[in-house]
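So, here's a batch of structures to check.
Both complexes below contain subunit A, partnered by subunit B and then by subunit C.
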Partner chain A sequence: MYVAVKGGETAIRNAHALLAEARRGDPAVPEIGIDQIREQLALAVDRVMAEGSLFDRDLAALALKQARGDTIEAIFLLRALRTTLPRFGAALPVDTATMTLRRRISATFKDLPGGQLLGPTFDYTHRLLDPALATQTPAAPAPAAKATPKVSAKAASKAAGKAAPKPPMGETSTPAAPVPRVTDLLGDEKLIEPAPADTGAEPPDLTRTPLAFPADRATRLQNLARGDEGFLLALGYSTQRGYARTHPFVGEIRIGEVEVELFVEELGFAVPLGAVSVTECQMVNQFHGTAEAPPQFTRGYGLVFGQSERKAMSMALVDRAMRWEELGETLSAPAQDAEFVLSHSDNVQSTGFVEHLKLPHYVDFQAELGLVRLMRGAHAAASDALQDGDPE
Partner chain B sequence: MSAMPTITYNFGYLDEQTKRMIRRAILKAIAIPGYQVPFASREMPMPYGWGTGGVQVTAAILGPDDILKVIDQGSDDTTNAVAIRSFFAATAGVRTTTRTKEATIIQTRHRVPETKLGPEQILVYQVPIPEPLRFLEPRETETRTLHALADYGLMHVKLYEDIARHGHIATTYAYPVMVAGRYVTDPSPIPKFDNPKLDDCPALQLFGAGREQRIYAIPPHTRVVSLDFEDHPFRVQRFDRPCALCGAEDVYLDEVILDDRGGRMFVCSDTDHCDQRRAAGHAGTMAPQGAPKGTSKP
Partner chain C sequence: MTSAEDPVQRRKALMQVLARADQAELEAAIDRFTPLPPLREPRPAETGLVMVRGRIGGDGAPFNLGEATVTRAAVQLNDVTGVSYLLGRAPERARAAAILDALWQDPAAQPVVEEALAPVRRRLAEAAAEAAAKVEATRVNFFTMARGED
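Now for the complex of A and B:
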């Protein structure tokens, strides 16, 4: 006898109770603290903040804990909170030239004003699992690095392994003296296209206006900034393998803290709101020039919350690829296709729609069952009529 | 550890600004029946693809006096219907029901209730892909132009090709409709069995697609025609047996596999309709003896 499927509510409650238990894991193991996640899984926290479009380390750490370490689930949790927050204004454009640097490298020049500063990087580490980390021993303090992430010319030149020609900044830099961007240095000779002028127009806000095509560059960059790291990585990689090749060079990557300011009408001046950590990538790409425009390097741009060079670089590659029309190139590859890229970059959207296939679809499936039976019936009748003895 | 910011939510989760934005989109949608209005869809606390469009529409129109019913595949008891109903019970504190007749707002996924709706009711559909032309033309820039020009040749060619190949139109759900003689519209993935219920319906029908950021509407008593050809008129699915529990004919049935020897039974997909009929004394061939399973109140 058929028993009607009931009890969905109880089943869901039980599933959630099981989830809470699984999240906690073995109760004999001490529970992980938000502060531990924030401090020791900082790059996971950074990614959640970047793709969650909300700069709050504690909330991102909480989301990671609640999501059992599932990054996209944590991003989703953060977004669902972010969307309810009031928006009371647009900050002034941040000036990355004045940021407090923790890392700054250029692949296009051996040395440059401000120096090369390696900072905390996995680059050049040997990827050997370190058994020492398996035990809880106090870490040895980093040699030159100080607790406060300040850049001095000395530290910068030390990191570059050579003496800087002239110290471009004071020994103590609070606030940091500007370290010119490589693209600004190239711009002096007009070897690279200028950065787009600030028109003063209110920037678009993808969270308040639906995405529409064609999308301007600001909208595209905003979409990429919160887009899925893996998706952008694959697209950026594809441009390197010949699917819309752009001949990229890392002009500069800089990581550090940049001040966010809000212009307050009532006061008549801008007030600082605090600092956010960002990674900026200026990709320098070849451009052959046209009849009107002389040969010149072009730019691809990436800016991401926190420390994520992979994401910032991928973003810069894809940004440059999507500029094909403006630069008179031909559309030949997925990374150039703004509608394709922007419509599929958001991992909260993607994961939702892919995973919704788990939801019941038996009504539609029933309709398809009926159709397949009908078509098979017609097929069999036709075969019988032919009497060709097909045993199917 | 630094202090967490306090987290508070508004009535029905969405803030009032967002609700106003959604209501504006709904009003525009009602003014242009069948036209897909872009709206700045929000991240909701349930995944995209799980009804965020419907949930946003419901949140925007829900008042404290409303009585909400949520169905998925025609059933109030499927997990996602339960989750969405309890979401509104928790965030808005509204009364919920499983009875179609009692509800003022019915949010649905993949079905239209069998019980005829009245003018005081609103049916909110969850929509995965609002664009009926999407699988013929993936580009939004193109499909918007086609709609603007009312150029639906692609769709007619697709339906014609079905007939040429199979002898009939091989679309069984999300069967495209023409709304008010102007826009070809996706009725959401309801079985085409339900399409005739959309026509001249006294209730307001709202469609929300969260991930795709679109809202559209069929106002009460609007002409809704399923696309077809004169020599191949639109026809709905027929089941060659009644519901095994309530004996209803002319309803949409779910096929339930009973054993591994080919045993099957067919029962109403609309669980409330089935319950009401059984309570009224109707019985099918496999109806359990005694009272029907109670309509569990959440």
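Now for the complex of A and C:
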């Protein structure tokens, strides 16, 4: 047990001053700006937002700078900050079908409606370090498609809220034509299970009500969405290696921006707040049928703030694995065990408990030390007694 | 009533632009109305959180994805209340957006607000079109190779 200690104020103050100096590094090197972190280390920023469970690029970039690039420390900073802000309400659920796409791929259908867009991906790179990036050479602009594609017109009118060339007064807010999800295509033929229906019930919120078991799917997904990427990646990988196999296919991954709307009582309508970027993964898993229901593919779902398909895919794998009971499978592996997964997925909780071990435990340890000395004394006395008795 | 005439839809379209405009753009739009009528601030700009939700499977029951910072403000101009809610921590932008929302509700001022925001709409549309064209250039058609097993 950790016991409070007194004193050490000067040393602690000096340690923090030293930390600030170490954070700055060599003063001869220009200081990094929040805007540089936000723009050039965007995926680190995205991860801090996802696991910090707070969408704010500037704050996440600031947290990364303050944490000297330590992701979990930065996530901790964001989580701490959010406790100081009032909650205005809950937004309407985002509609990922109307996403302004930056990337969209499917591993199940080569020619799906809407097509495949690689977007800014590391896929198909050779993973060779690029010495040009060590210099200040400006990057060549990315090529743009010449023909005005349908997607771009839709995206343009969506982002602008209205069709720009029309005169202002006559404009209408034209929502982007949705790009169908792969699961919709399979769902039309009933080849895949439908998503659980919206009953109008408020989803449980882990930031208000502590985690309890059994946890429903909405709770599990909220936990996974803010869970540690590394932990979920390892668990997802374990299902592929045979610890609760689910035979997954990436039905679809899409990355892009979705509009967030908040219903405001005083106005009586849902106010558009702007767009957040998200990554969505639809995992299509092993089929399933019973005497009553014909075979159907099953699903796992991943949705994460920012661009992080590794996390969204891992989330979808673990979501599917945890559905074992509902789908009549047997519990055989850690990834299926909701209590194990959800209790250990949060890296702020995990780091808090692991790292508290380094705080003063002097009293605790003194008690253990006394106990070990006592037992050693008793052990020595017993051996002596045994030896003394030996000749007899 | 079509969405073009629906006042709520039109106000939402305005708010969509206001939420994306930068400080200089909002101020440039307000400048057209100087001097502003007396302004009251029943709710000075305030930053808080909104819980962003997704749906299970994309189209099913909702779940909580995570929060986002939001700044809101309310102002009163000639007894008309202008309201703004926008993503991020941006008190000045929220206040300016609320002023423009109030001005826009005055039928006489509305065309001027719309006209003042036209460059913003154009910038947003151009940026979106450019981004989309670059993504479009990455559209891929994979070919399935014959495996030559015969």
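Everything below uses one rule, namely that the second predicted complex is superposed on the first by the 347 of 392 C-alpha atoms of A that agree within 3 Å, B and C clash if a C-alpha of one lies under 4 Å from a C-alpha of the other, contacts with A are read in each partner's own complex, and residues count from 1 in each chain.
Here is the rule we use: a residue touches a chain if its C-beta (ideal position, glycine included) is under 8 Å from a C-beta of that chain, and two chains touch if they have at least 3 such contacts.
All figures in this text were calculated on a predicted structure; none of them were measured in a lab.
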Touched partner set for A:Glu339, first subunit B, second subunit C, both or neither: first
Subunit B versus subunit C as contact partner of A:Leu59, first or second or both or neither: both
Which superposed partner A:Leu191 touches (first subunit B, second subunit C, both, neither): neither
Which superposed partner A:Thr209 touches (first subunit B, second subunit C, both, neither): first
Which of subunit B and subunit C A:Lys110 touches, first, second, both or neither: second
Touching partner for A:Ile32 - first (subunit B), second (subunit C), both, neither: neither
First, second, both or neither for A:His356, with subunit B first and subunit C second: first
Partner chain in contact with A:Leu233 - subunit B first, subunit C second, else both or neither: neither
Which superposed partner A:Arg82 touches (first subunit B, second subunit C, both, neither): both
Chain touching more of subunit A, residue-wise (subunit B, subunit C): C
Footprint overlap on subunit A, where subunit B in one structure and subunit C in the other make contact: 56, 58-59, 82, 86, 207
Of subunit B, residues touching subunit A in the complex: 1-2, 4-5, 7, 9-10, 13-15, 17-18, 38-45, 47-50, 52, 72-75, 77-83, 86, 109-111, 128, 139-141, 166-168, 170, 172-174, 189-193, 211, 213, 237, 244-245, 252-256, 258, 265, 267, 269, 271, 286, 288, 293, 296, 298
Subunit A residues touching subunit C - in the complex, by the definition given at the top: 49-50, 53-56, 58-59, 82, 85-94, 96-97, 100-103, 110-111, 115-119, 142-145, 148-149, 151-162, 164, 168-173, 181, 183-184, 194-199, 201, 203-207, 217-219, 221-222, 225-226, 259-260, 262, 264, 266-276, 278, 280, 282, 299, 301, 303, 305
Footprint of subunit B on subunit A - complex, ascending: 1-2, 4-9, 11-12, 33-35, 56, 58-59, 62, 76, 79-84, 86, 207-214, 339, 343, 348-349, 351-356, 359-364, 366-371, 374-375, 378
Subunit C to subunit A touching residues, read off their complex: 2-4, 8-17, 19-20, 46-70, 72, 83, 85-89, 111, 114-115, 117-118, 121-122, 124-142, 144
